[in-house]
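As written, the chain order gives the labels A, B, C and D, with residue 1 at the start of each chain.
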Amino acid sequence: MGSWPPAYPLATPDEINRTVDQLWSGGASGLCVETGPTWALTSMTPAAHTLRPGAIISGPTVFGLADCALWYALFATVGIEPMALTSELSIRFVRPARGTTLFARADIHHAGRRSVIGSVRCWMDDPHGNGPDVAVAQGTYVRPTTS
Amino acid sequence: MGSWPPAYPLATPDEINRTVDQLWSGGASGLCVETGPTWALTSMTPAAHTLRPGAIISGPTVFGLADCALWYALFATVGIEPMALTSELSIRFVRPARGTTLFARADIHHAGRRSVIGSVRCWMDDPHGNGPDVAVAQGTYVRPTTS
Amino acid sequence: MGSWPPAYPLATPDEINRTVDQLWSGGASGLCVETGPTWALTSMTPAAHTLRPGAIISGPTVFGLADCALWYALFATVGIEPMALTSELSIRFVRPARGTTLFARADIHHAGRRSVIGSVRCWMDDPHGNGPDVAVAQGTYVRPTTS
Amino acid sequence: MGSWPPAYPLATPDEINRTVDQLWSGGASGLCVETGPTWALTSMTPAAHTLRPGAIISGPTVFGLADCALWYALFATVGIEPMALTSELSIRFVRPARGTTLFARADIHHAGRRSVIGSVRCWMDDPHGNGPDVAVAQGTYVRPTTS
């Protein structure tokens, strides 16, 4: 690790989206829209089968995008490490996720040799993030050991 | 609420599966296999698109079944309340979820007028739950207000 | 609730500190230093008995200040409600809490009729919050029911 | 790590209490009452300054005993490792903690080379654990690296 925060993101949205497309034939949960030195912004347009009555995006789908945003923010902060794994994630559902596009932005608080910790906000439809939160989350990724 | 714990489950697997099928055209995350006075056992056979490289079930899919198990355990404990919503859930991923069938069992610790709290264990392939955990979770459902 | 975010904090540090002093003969975990429309900054100088070997502030003490910051941020956001109670809180410990003064800042994501959700950062010694985090947390307060 | 679960606890209450007394001049949060191969039972009689109005034990005090129970359960499961540190812990407060003696029992779900994961129940006054829960928690300890 160099100094904190890094001066610029260590991965661009293009690099992240390409990497994830190659890894997962099924496609990732979310598209990387933007990265900064310690954060990433992601979005997804939910598939019909993930909608609940009332056209509400299901909780596990929102969890999936929050988890994805944290993974991409880790990439932006320490470089692309596909083998980094979610260790734990806690999520609070704030209001029904109703709308067309779900956004999630993750900010990294700490990037250590063994783990990376961040917080996530999820909201609907506004790329600038001014909408009210539909969920917030916080969690830990474990980095692959280099021994 | 009557006495705690209730003497018998307030919903059978059949009642739960039928209710959820009617509610969600897309189908529920998991099938209810068994219920007790304060718990439910669920299972799912993951669809191909939820698998990650190495045939590992994705984290959000495991989260989805854990969440589902808690919902069904709430039904078993207080009766079927489809409008009960996940308020918060924290999950720890213990080991890669590799195998054919994912199981989750939720146990309710507390069922109050406003919220229900429970813990969940997830494991692979053994209906008797003797396999090692792939994930554990704990969380809160909020019950619909009756005013 | 009026519009979000409120235009100004609904409680000052003085009002908060006075209220808490009157409520708790034992004293609160933390002193309110500053409030904004949806946030509060708190600090504490740990007592000797809360220190672990190596002069590290104990985890439960850090948890206590994080919890306190969230309570004060709720006061700043919806007005002083001493009967608001922590419903759940998850905390990640980032690095040893070594230093003289522990700070915690809580930001509210959502303030509803029944619950208030926020995130907290904890760090050492720098009132401006530029130090590295010693812990981060996220959680929910339940508001007293008015029926 | 040998086989799971271990056949007998790797630390007795006496060994645990003696170790913790030697480490912390300020005293530990809780007394170890009993250990099993993958669990520990702890208790504490709260000091007056930890009580809130209504003689309720404060949330951070309950958190402290839950954290302590998880530490002791780790000792019982993998042997005494004082340098194991709480990585993250999420707690749900179920009802006011009113009474004389607080108990917490932690059960380990997973003990790996790098981390140990467990769940905790907290209740009042009944050494046999039949009382209703005042709080439940779940979390992760990180083990000291041996390299």
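FYI, a contact is a pair of C-beta atoms (placed from the backbone, for glycine too) under 8 Å apart; a residue touches a chain by one contact, two chains touch by 3 or more.
The shown structure was predicted, so the numbers you read here are calculated from the model rather than taken from an experiment.
Comparing mean CA positions across the assembly, the chain most remote from subunit A is D. One finds 24 Å separating the Cα centroids of subunit A and subunit B. Inter-chain spacing, taken between the CA centroids of subunit A and subunit D, is 33 Å. In subunit A, the residues touching two or more other chains are 87-88, 90, 92, 140.
With chains as nodes and touching pairs as edges, the resulting graph is complete, every pair of chains being joined.
Interface residues of subunit A, counted against subunit C in their complex, comprise 4, 90, 92, 94-95, 109-110, 112, 117, 119, 121, 132-133, 136-140. By the touch criterion stated above, subunit A contacts subunit B in their complex at residues 23-24, 26-27, 29, 48-53, 58-61, 63-64, 67, 85-93.
Against subunit B, the residues of subunit C that register as touching in their complex are 87-88, 90, 114-115, 140, 142, 147.
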